[in-house]
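Please go over the structures that come below.
Two complexes come next, and they have one chain in common, chain A, joined by chain B in the first and chain C in the second.
After this line comes the complex of A and B, so read on.
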C-alpha cells in the first residue's frame, strides 16, 4: 500500500497514483486494505504477548536479566537491531520444571474445578431466571431485571470484606445496622465454597441477561407443544427451550468459565495462602514461582502458557457457537 | 368416552388496569366422537377457549370436564389431550421420529411399544420413510402431518386443533381438510377444531360453535347455522359471500324498507308486531332475476335495481345491485339498505349499469329484531297462511 513518495513526482504513472486511480474505480479495494490493516493491528496486539511469553519461557533463567532480547544483526555490512525479541538460548525444560518446582497441575485442577462448578451453578440458576424474565409477564419484571443487572455494576472489591468476614465463620451475621445476630455461617475460607459462591453471584447477571434474550425468542407454541405432550414447565425449559438456545447457553457458559478460570482477586483472599491444598487457582500457582529473593520469570511465563492452553482449546471448540451467540441475540426468526 | 363439558367458563385478562374478558360464561357440551369447530372473527375468544380446555390457560371462573374428570386446574400433560398448533410447533432440534415419540418417551413407554405406535401414526398420515428427516428439510404439508402424527400417537381422548391449516396454501389446505375428515372417521375421538374460516368449519364439523366477543352465539350443525341462524352475527358470519341485510319497518300487510316493500302477513308470524323495526336478511342465492319469477314458489314483488359491479366466479356471477338512488357503499355497516348482492347464472348477459328487475324468495327471508339482533323467523310464509304453497316442504335441514 504505502509506496515511496518519490514516484509521486511523475504525474501519470506512479504506483501510488495508479493504486489510487484503481481504488476510485473500485472502492472495495480500499475496504479490503483497511480490513487487512485492522486485522494486522489486532493480531499483533493479541498475539505479541503470547510470543513474548514463549520467548521468556525458553530463555534459560541465567540469561534472563543480562543483555538484550533484541539481537544486533549484521546483514551484508549493514548492521542494525532486529525488531523482534528473540530467545537468548533454548531451554524447553522450563515447561517440565514448572511442574517439578510447584504442583502446578494441582493449581490448574483447582481452577478447572472451580470454573466447572461455577458454570454449572450459573447455568442452572440463570436458566430458571432467564425463563422467568424471558417468557413470563408479571408486574415489576423490568425493575427486578434492572436490580439484577445492578449487581454487576458494583466493583467486586466492594463485596470482599463482608464476604471474608462471613466466610471466616468467626462471628454471627447480624441484621444490617443492628447487632441482632441471625446465624453463624460455617467456616468456608480455603474451601471451594468460599470462591464458588461469590463467583456464581458475580457472574450470574450477565448469564441471566444473555439467557433471557435467548429464551424470550423461543416461540410460545413450542413450549405449549412440549407441555401438552407431557412435560412440566421446567421440563419444557430443559428439554426444548434450552437445547434450542444452545448458542446462548454456550456463550454464557464459556464467558463464565473463562472468567472464573482466570480469576485471581477473590481467590487470592479466600485462599489464605497460595497453596494448592487451599484451593488457590492458577494465578496463585504462577505467583508462587516468585519468592522473597528470586523471581523465576521463565517459569512464570511457561506456567502462563500451560495454564492458558485449556481455555484456548475450549474457545476453538466452541468458537462457532460463541460467535453466533454473541451476534444472533437480537434477530432470530 | 371423552365427553367435553365447559360450565360457565370465563377468562378475564388484566391488561394494564383494563379488564379484558376473552371468554364470557361459556357453556358447551361436546359428545364423544364429535367433530366441533369453533369459528369466529379474530379476537372472539375461540383460541382462548381452546387453551382453557388444553390447560395452557387456567380459566378465571367455571369448570371444565373431560370424560368424567374435572380438569379445570390440571396441567396440560394430565388431561389426556393432544394438540395441533397453528404454527405447527415441531421441535426443530429433533428428527421426525423423536418429534412423534416425544410424548411417549416422556411417559416411559417400552421401546417396542413406541416403535409400533410411531409406525402406525406415520402410516396414518402417510409419512413412511421420512422418520429420520429433520423438520427443516420438510415441506409445510409434511410438517403439518408430522404434527398430526405427534398428536395421534398418544391416542388421546380429545384432539385439539388450533387453526392447523392456517399456514398452508389453498390447494394443500383442501387436501389436508379431506385427510382430517378421513382421520376423524378412523380414530373415532372427539375433535375440537378452531378456525376463522367458516368454509372449513362448514365442511369439517358435526356441529359449529360460532363465537363472538367471548360469547357463544350458536352451536348447531353446519346447515342449521346456515339456514336458521340464531342472530344477526351468525347470519352475517356463516356463508360466503355474506347475507344481505336491509332495515325495515313492519306495517299492516308488508315489510317496508327504504327501497322496496315485501308483502307478508305479520299476524301469521309470532313475535312480529305492526310498527316493529326489523332487519331483513336474504342470502345472495335467494334473489332471482325477474324473468324467473314464475319458478320461485313465493316470490316478492318486482324490485328494480341497477347492476353496479359484477364479479364473475366461473360457476356463478356475484352482482352488486344498487337500489333507488343509492351509491355504492363502502361502509362496513352490517345493513346496507341501498345495496343487494345476488348470485346470477354465469351465462347471463347482464352488464354493469344495466337496469334489472329482481324478486326475493319469501320462503328464505330471515327477520331479525333490529335492536337485539335475535332471529324472529326464517320464512315469511308460514304453513297455515300459505295459500299457494300449502303443505309444501319448508327448505330447512336438520
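After this line comes the complex of A and C, so read on.
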C-alpha cells in the first residue's frame, strides 16, 4: 500500500523516544530541558515552605491534629499517599483571630517604627561617610575603611553584654580597664533606643560601602558647578550628590529596612519580655504564639504569613535595587 | 520688630560663620569632621562594648555574687579545660569531652563549626546553580528572580517558625518520611541534637542560598561575553565552556563570598532559638546569651573567643585578598 520512505521510521515511536532521538541530533535541547528542570526545582524548594504556611493557616483548629496532611488518594485501584500536603478544610478566620489573641498589628507597627528610624539614621550618617570615602582623598582613608569593615564582621554576641548593662542604666559607664566613671546612661531597655542604636551601628557599614560606590561615580564637574553657583560644601552633598545618586540611596534604604525587620538577636534581648507595649518587634509577636498558644498551629502559620507579607512586597517591588546593592556593595565588603 | 530681625540676623550670622569655617577647612579636616557621627556611633555601640567585653572576661564573680576579682586569663583557661562547662545550660560543653558523636554534638564550638562549614558548602553549590539560572535570558526572569530572593528577606523568626511547623511532633508532616530514610529521629525530633542540627542547617540553606546566588551572579555578569563566542567558534561544548571559562573566572568571587558567609554563619543564634533551643543545639552565641545575666565572666570569655575566631578568619581574608578586600 504505502511505499516505505527512505528515512527509516521506528514503528513504536513513543513521545519519549522521539524526544530522545531529536535530542541526540540537537544537544542544545538537552541543555534547555536541564535548565527548565533546575528552574522548577529551585522554584519549588524556595516557595514550598510558604505553601505549607498557607495549608496550616486555613486548616480549622479542630482538625489540625486529626489525620494526616498527606491525603491517601485512590488512583485506578492503587492507593498511595499524595506527596503534597493539602488543607483539611477551609477556615480563613485564623487571619482575623491572629490580631485578636495577641495584638500582632502593634508588634508589626513596632517593627516598622524601628526599621524606619534606623533607616533614616543610617542614611544620614552613611551619606556623610560615603561622601568622604567616595569623593575626598585624605591620609588614613584606606585604614578607616578597613576599620569599619572589621567592626562589621564582629559577632553581635561580642557587643551584647556591655550594651545590655549600659542600657539597663544601673551603674555608671566606666572607661574600659579603669574604674573612672564617665556618666550614668538613662535606662533604655524596652525602649526603641536600645534597639535602634545597635541596629544603626550593625547595618551602617553595608550602607557606607554602597553609598561610597554610588557617590564616587558622580562627575566632579557637577559638584564644582554647584559650588561655583554658591552652594556650601554640605549643600552640594545634600542638594546635588544625594539626588543624583537616588538609586544608590534607595538601595541602601531598602537593604537597611529589610535587615532591621529581619533582625533577631538584639530584638529578642533588648525587649526584655515579648510585649508590644515594651517595644517588642515581630520577633516577640511570633514567639508569644509559640510559647503561649502552643497548640494553635494555624495561628502561628497565619501570623507568619502576615509578618512576611511586607518584605515579600518589598522584594517584588524593589528587587532591582536589592540585586544591585548586594552585588555592588556586598562584594566590596 | 527691629529686635526680632536683629536676633534673626545674629543667628544666621552664627550659621554663616560656621559655614565659612567649614568652607575653609582642608580636605583632610573636612573628611574627619564629616566622619564624627560614624566615630561616635561605632565608638558607643561597637568599640566600647568590645573592649569592655574583654575587660569583663578577665574578672570572676565571687561565690556570694557580691564582688568580682581579677583572674587574668583564668576564665579562658577554665573554659578550655572544661571547668566552665557546669555553668553552661543543659549539660552542654564548650569543647567536646570525648570523640563520640554525641560528645561532639554537645560541644558549642564543634556545633558552630559544623553548622558553618556544612551550611556554607551547600549554600555555595545551590547558590551557584541559582546564579547560573538567573544569568540566562528567558521570559519571566524577573519573577523567577524575585521568587529566589524572597527566602533571603524572610525574618529569622518566621524562617524558624516555618521549619518548627514543618517538623513539629503534632502537625509536622515531613518528620515520618525523613525518619524512614534514617535522617531524623522518629520521635521528639526537635529535641534530638543530631536531628535538630540537621533541620537548622537545612533552614539556613533554604534562607541564605539566594544571598550566595546574588554574589556569584555579580561575578558571572562581569565575564566578557565575547569569550563564549570564541569558545563556540572553537567548538567547545557547554560543559567545556563552564569548566574552562566560567568557573575559573568566578572562583575569586566565590572565595570572597564563602569567607563572608562563613563569618556570618558563625553568629548563628535566632534560628536555633526558634526551631529548637540552645540546650539542644548549642552554638557559641547561644552560650553567650544563656549565661550573660548570671555568669558575666564566663559569658564574656565565650563572646571574646567567638570574636577572636571570626577575627582570625577575617585577617586571613584581608591578607589573602590584600587591597582588593576593601
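The definition used in the following text is that the second predicted complex is superposed on the first by the 277 of 333 C-alpha atoms of A that agree within 3 Å, B and C clash if a C-alpha of one lies under 4 Å from a C-alpha of the other, contacts with A are read in each partner's own complex, and residues count from 1 in each chain.
Convention: contacts are C-beta pairs under 8 Å (C-beta built on N, C-alpha and C of every residue); 3 or more make two chains touch, one makes a residue touch a chain.
This structure is a prediction, so every number in the text was calculated from the model and none was measured.
Q: Sharing chain A, do chain B and chain C clash or fit in the superposition?
A: Result for chain B and chain C: fit.
Q: So in the superposed three-chain picture, is A:230 touching just chain B, just chain C, both, or none of them (first/second/both/neither)?
A: Touch status of A:230: first partner only.
Q: Which partner reaches more residues of chain A, chain B or chain C?
A: Per-residue touch count on chain A favours C.
Q: Tell me the contact category for A:272 with respect to chain B and chain C: first, second, both or neither.
A: neither
Q: Under the stated touch criterion, which partner chain does A:117 make contact with: chain B (first), chain C (second), both, or neither?
A: A:117: touches no partner chain.
Q: Which of the two partners, first being chain B and second being chain C, lies in contact with A:219: first, second, both, or neither?
A: first
Q: Could you read off the angle at the CA centre of chain A, spanning the centres of chain B and chain C, to the nearest 10°?
A: For this superposed arrangement the angle is about 90 degrees.
Q: Using the superposition on chain A described above, determine whether A:244 touches chain B (first), chain C (second), both, or neither.
A: In the superposed model, A:244 contacts chain B only, not chain C.
Q: Of the partners chain B and chain C, which touch A:17 in the superposed model: first, second, both, neither?
A: neither
Q: Considering only touches as defined above, state whether A:191 meets chain B (first), chain C (second), both or neither.
A: In the superposition, A:191 touches no partner, neither chain B nor chain C.
Q: In Å, how small is the closest CA gap from chain B to chain C once the two complexes are overlaid?
A: So the smallest C-alpha gap separating chain B from chain C comes to 5 Å.
Q: Of the residues on chain A, which ones does chain B touch that chain C also touches?
A: Shared contact residues on chain A (touching chain B in one complex, chain C in the other): 232.
Q: Residue numbers of chain C touching chain A in their complex, please.
A: 19, 22-23, 27-28, 30-32, 34-35, 37-38, 41-42, 44-56, 126, 129-130, 133, 136, 142, 144-151, 153-158, 161-166, 168, 170-171, 173, 206, 210-211, 214-215, 217-219, 221, 237-238, 253, 256-257, 260, 263, 266-267, 269-271, 273-274, 284-285, 288-289, 292-293, 296, 299-300, 302-304, 306-307, 310-311, 314, 318, 323, 325-326
Q: Would you tell me which residues of chain A are touching chain B in their complex?
A: Those residues of chain A that touch chain B are 219, 221-222, 224-232, 235, 240, 243-244.
Q: What does chain B use to touch chain A in their complex?
A: Residue positions touching the partner: 54-56, 75-77, 81-83, 85-93, 102-103, 106-107, 150, 154, 160.
Q: Across the complex, what residues on chain A touch chain C?
A: 27, 31, 35, 38-39, 42-43, 45-47, 49-50, 52-53, 56, 64-65, 68-70, 85, 124-126, 128-129, 131-132, 136-139, 141-142, 144-146, 148-151, 153-164, 166, 173, 176-177, 197-198, 200-202, 204, 208, 232-234, 258, 261-265, 268-269, 282-283, 286-287, 290, 295, 297, 300-301, 303-304, 307-308, 311-312, 314-316, 319, 322-323, 326-328, 330-333
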